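Structures follow.
Look for subunit A in each of the two complexes below; its partner is subunit B in the first and subunit C in the second.
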Partner chain A sequence: MNFRTFAAFVGPSVFMMLLFIAFPLISVFKQSFYVTQPIYETVEKETCTPGFLTQTCVTETVSQPRLDEEGKVITQTQYVGWESYRNVLEPERAWRAISDGNWNVLSTINFWKALRFTLTFTLITLPLVIVCGLGIAVMINNAAHAIRGPVIFISLLPFIITPVIGVLSVNWLFRGDGILTALLEWWLNRDIALFAQAWTIEVLMMLYRVWHVAPFAAIVFYAGLQTVNQDSLESAVIDGATRWQRMKYIVIPHLMPLIIFVSMIHLMDSYRVFEEIVGFASQGYVISLQWLTYDFLVPDQAGNRSISRASASAMLTMIGIAILLIFPLRRTWRDHKGGH
Partner chain B sequence: MKLKTILMAGAMSIAATGAWADCAFENDVPLKSLSAGFEAWKAVTDAMAECGNFSASLDQEFREKQPEAFAADPALYQIGGVSNATLVPLLNAGTVRPLDDLVEKYGQDLLPNQLIKVDGKTMAIAMMVNAQHLMYRDDVLAELDIEEPKSYDDVLAAAAKIKEAGVMDYPIGGTFKTGWNLGQEFVNMYLGEGGAFFGDGNMPAINNEQGVAALETLKAMTDYMDPEYLVSDSTYVQQQFQQGKIAMANLWASRAAAMNDEAESQVVGKVTMAAAPMGSAVPATTIWWDGIVLASNMSDEEADAAFRVALEGMDTDMVSANNDVAVWLSPAYSAGDLAAGAAASAEGGAKAYPASGPMGIMHTSLGNGLADYLTGAKDAPTTLADIEADYITAAKEAGLISN
Partner chain C sequence: MSSRALRQPLSLRLTSNIFLAFWCLVAIFPIFWITVMSFKSPVDAFDSNALNVIFGPTTLSNGNGLSLLDIILGIAVIWGTIALVFKKMPAMIRAYSREGLEWFGWVIGILAAAVGFLVVFFVILPAILNVLNPLLGPLGRDILGLTTEHYKTVWIDRGFSNNFKNSLIVTSGVVILSLSVGTLAGYGLARSGSNLAFWLLIVALIFRALPPSALVASYLPVFISSSEWLAPILGENAPTLYGKPFAVIAVLVAINQPFTIWMLRSFFQNIPAELDEAARVDGCNHFQAFRRVIMPVMWPGVITTGLFSFLLAYNDILVTSLLLDAQNQTMVPAIVGMFNRETTTTDQVVAVAAAVSITAPLIFLVLIFQRQIVSGLTAGAVKG
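Then we have the complex of A and B:
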């Protein structure tokens, strides 16, 4: 293919990636070092609000943004260096907690609390997704031809459900006297409150995520299973290899590139865990890094939002994902080099 | 242009269903409104739609859209539904229109206390007030010879008695969902104790005796609440009431009618509305109002029409047809038993919610920070100090505190 054809094919996609990924990223990166705020002035103001029958009027000093001639709020943008990052990471408090050996205090500082949960969530669900995915794939592969279609369809269902809807369903099944909690209570004959402490919420979140993502892993592995060398399998059978040995020495090494692919996708996705927090309304107990960014970004009822801290938090999340991806990427790169 | 016409036609066909029924005039200026989506707003915007050429957006996330939509020129919505808190960003940005000329022209039927005045100028027209107040099961309390609770000590004593008698496991309900709801609970308690949120220069001032007392009362209540209280919002508490699982709650007046909704409730006629329990100073609640504003970025003809349509929305017909939906500010409103709690709280001296820019940040910091105290991760002074620190960080970023 000559260069012009190549450029014509790749050009639009490069353009889109620059427009929708690179430029926003640069903008977020920049915003994390600046703070934009209105200029406030203090004024005396009388406000009257309805009471019953009469009005209540109060005069108080309030801060009010200055407006220019056109009635727009005057804002100023300041370079603040690493301040937004410091405000998110709270390094002094965190360091004090660590040097005192006081992990409870560390886990009440938002960023570290979120990081702790995000990492636990990511690293626990990863092996579960791989194992369940592989299990489902093998099951599909061994199913009789006639029912294979329906089996694939059913096992894909969880992946099709919109995450927020899925999480809300789980919430309603277990919250208060939800059907499944009521069932558990009847079975164990004791009162159960699954949303009253952090660990049960975390377990529910992980179970949900595995249930949701395993079908994706399964369908990728199932595709991989179709290309396993049948001759090797047959010779293994002749050599007296058990089912487990065939799996361990032939199938899994064959699927290794796919396992790494699925791991990478899963690391990226689950490090951005968000729907589970919102759907379970769990922020009293458990928060994630992505939720933290969202919380900075949501305006309060008076319209204030923390764009700079949100940007800093978003950059930190990205850095976190990059660090996690180093391990699978290094392996792929080594394999790639070794193959030549 | 073409798209706009199509959209317009779509909006009109929606607005046209059942339109021109009970409106005093025929509106020929296209108008749109953006407001919250609860029952009262539905009633009001339905009544507005009777004038024709009107479409309403009822959106629980309205407060995220409203400031931007009103800042556009021309404004994307002519009529806005606000409460005392959500009016603040619009006032700050100067995007709402003073209404004095229109009130003079068309507002003869408005009550004087409907006019929300800022520095002498009418900036909004209130249509209803809302407050959290005590709702209790009079049958349960009467059976155990408990008198109507007047203070939180009474509430806790009553709860202990109900639990002891084995009537209910968790006699108290509360809107303790982490975030806005939990923050609001603290605001109620703290104002009830007579506390003030800010010192000079918007600096926080909650780490004091009143703050600790407010926290301790909240924590004492959780002993009698369903252990999942940190996910419990107004709807959840309403359902707990309707299903007879709780006996007392400090709940919004706008939820009162649901207690007697025969389709949903198993406790019809058994729930009494009373004043919010007293703190050390005043009843532990805040008074809110909801009402309408007009955008400043529109022509005078549009404003004229918008004001008339808005008044049609809150006229006497609408109020008498939806009397129990809210505590309306209207001469046609007959305050029944359901409004007794809100009225009694106001008579007891309950404060209006102290809405302001700094208060918005404080409310968020409270909502996010209080859970650590209730779950036992921090003690009261540490919790309050951490909330103050969080507030200061956010307020500095917003420019409300100078560095």
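Then we have the complex of A and C:
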């Protein structure tokens, strides 16, 4: 295939990605150094209230946005350097908190709080997803052929369900005296409020995420289990390997590429955790990096969106993704070089 | 397990199956439970006693309930419909539709089945049961509380049908556009071994990892002020892109593009290159080979990728909630609004009913396309 045909085939897709992904990335980078805000002016305003004999008049200075002829707010864009980053990171407060060893203060700064949760969430759910997925896959593989279809159907449901709806349904099971909270209370014989402190919400979020992603891991591993070499399993039995040893020395090495694949996908997706925060309405206790950017973009009471801060927080989020991707990309690069 | 040496002892198989059953219970329970809740009156739905939620005594005492006969006949009708659609319909469609127009036959068949089911289930069945129930005594007495009023509230009073329409527009737009752009690119990438193709795929992989919120941060100011900067090109009626479904469709297609081309590429690589070489020898150029030889054998892969594009668009909340205005809002952001606004338990059950309404199409999707979804999940993975 010569270059022109290739370009014709790939062209539309590349164009869309350039226009809607690559170009916006550059503009986010630029935006994070500029602030657009209305120009304020201070006006002396006299307000009079009618009174008996004389009216009482108060003169005060108000700052209000300047309007143009059509009554629109005039805005100006200004280069502010690293200020938006400073607003997001609050480096002085953060540094003081670290040097005092005072972690509670650090967790009052939204960015650090979000970073802490995002990282714990990603790192704790990863092994759980792999282990649960592997377990389910092995169990499906053990089951009779007739029930595999229905079991896979049921297993796909948590994966296919709209994430926000999944979170909401878990939320309804636990919120207030929801059915599972009631069960827990009856079992532990004490009063439980799962939504009154951060750590219980975090546990629920992680449980939800494992429930949501484990089926994906399970299906991928199950497909991998079909291609395990039966002969080597059999010879392992003859050599006296136990079930566990067969699993450890034959099955898991065979599945290793898939485990890496699932971990990669899971790392990327759980680093972008967002729906859990919305569905549990947990912003008072727990927030994530992507939610932080989202929150800057939602208009506040005055209808302003802090685009600049959102851009800064988005850029900071992407540093994490870059770190996350370095290792797999280096590996792919080495494979590619080796393949030629 | 063909070999005797690998046969497992009974105890192990039993444990494994028990755990599997437990997993199935865990997997299905939240979905099952919100479905049950959505049919109950608020008092029952949030009762801490599980049996009260299932049988709904308060709902029953309000006069909304089903008798044993209702349940049996209802299940019979549903079962009959499923049997008809899966057993009889394929043969009928093959018999009556003309060669090459089978898909049209399927559309007609499914529509007819849906309309028939709705008429029988909601018109004829209630009429028959109204006559039968009083005659049968204990069999005809209501035992299970069940009400559909929350669904009526959601779909009629809260304007959820409007959100549904918007979701339909956005998702179908995304699926069609991303497949037509993606199949071309996927084919090109699969058949070109050049370095450029490799780098494109790597860049696409990086793009796949980006958080959508970062991209939305850059769209927002541009979209809001688009009528100003588009004015020199389009003149007076330059559109404001903010809030417009077509703008969101373009954005979602672009965000899904990396995933789409990776998946389609791996499907295209499964098709032997000899096939298009043969076509080229017979005098086709690349596009003709693609259209006449490759596309006909690619439908399974295209359908699978289409399913995943559908899911990505249907499930999206971040992009749609930030870039669409209230009037054009899709279902998922709308329900979050509902959930956050809710004050009374009635509102909560209404939100539950909305959640079930969003989930139902997805369950049908898995039911029909299970094989394709599984093949899609494993396509990228197994080949590495």
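A few points about this structure:
What we mean here is this: the second predicted complex is superposed on the first by the 302 of 340 C-alpha atoms of A that agree within 3 Å, B and C clash if a C-alpha of one lies under 4 Å from a C-alpha of the other, contacts with A are read in each partner's own complex, and residues count from 1 in each chain.
The rule we apply is simple: contacts are C-beta pairs under 8 Å (C-beta built on N, C-alpha and C of every residue); 3 or more make two chains touch, one makes a residue touch a chain.
All figures in this text were calculated on a predicted structure; none of them were measured in a lab.
When the two structures are aligned on the shared chain, A:98 is found in touch with neither subunit B nor subunit C.
Once the two complexes are laid over each other on the shared chain, residue contacts for A:281 go to subunit B and to subunit C alike.
By the touch criterion defined above, A:323 reaches neither subunit B nor subunit C.
Set against each other, subunit B and subunit C touch different numbers of residues in subunit A, with C touching more. In the superposed pair of complexes, A:176 makes contact with subunit B and with subunit C alike. In the superposition on chain A, A:234 contacts subunit C only, with no contact to subunit B. Residue contacts after overlaying the shared chain place A:131 against neither subunit B nor subunit C. Residue contacts after overlaying the shared chain place A:298 against subunit B and subunit C alike. Of the two partner chains placed around the shared chain by superposition, subunit B is the only one that A:46 touches, whereas subunit C remains out of contact. When both complexes are overlaid on chain A, the residue A:62 reaches subunit B alone and has no touch with subunit C. On subunit A, the surface patch touched by subunit B in one complex and by subunit C in the other comprises residues 176, 281, 298. The touching residues of subunit C, when paired with subunit A in their complex, are 2-3, 5-6, 8, 12-13, 16-17, 19-20, 23-24, 26-31, 33-34, 37, 46, 48-50, 53, 181-182, 184-185, 187-189, 191-192, 194, 196-198, 200, 202-222, 250-251, 253-255, 257-258, 261, 286-287, 290, 311, 314-315, 317-318, 322, 332, 335-336, 339-340, 348, 351-352, 355, 358-359, 362-363, 365-367, 370, 373-374, 377-378, 380-382, 384. On the subunit A side of its complex with subunit B, the touching residues are 35, 37-40, 45-58, 62-65, 67, 71-73, 84, 87, 104, 107-108, 110, 175-176, 191, 193-196, 280-285, 295, 298-304, 306, 308-309. Those residues of subunit B that touch subunit A in the complex are listed here as 63-64, 67, 71, 84-86, 88-89, 91-95, 112-120, 126, 129, 169, 177-180, 182, 202, 226-231, 233, 236, 287, 289, 296, 329, 343, 346-347, 352, 355-361, 363-364, 368, 371-372, 374-375, 377-378, 386, 393-394, 397-400.
Subunit A contributes residues 1, 3, 5-6, 8-10, 12-14, 16-17, 19-22, 24-25, 27-28, 31, 36, 135-136, 138-140, 142-143, 149, 151-158, 160-166, 168-170, 172-173, 176-179, 181-182, 211, 215-216, 219-220, 223-224, 227, 230, 233-234, 237-238, 243, 257-258, 261-262, 268, 271-272, 274-275, 278-279, 281, 289-290, 293-294, 296-298, 305, 307, 310-311, 314-315, 317-318, 321, 324-325, 329, 332-333, 336 to its touches with subunit C in the complex.
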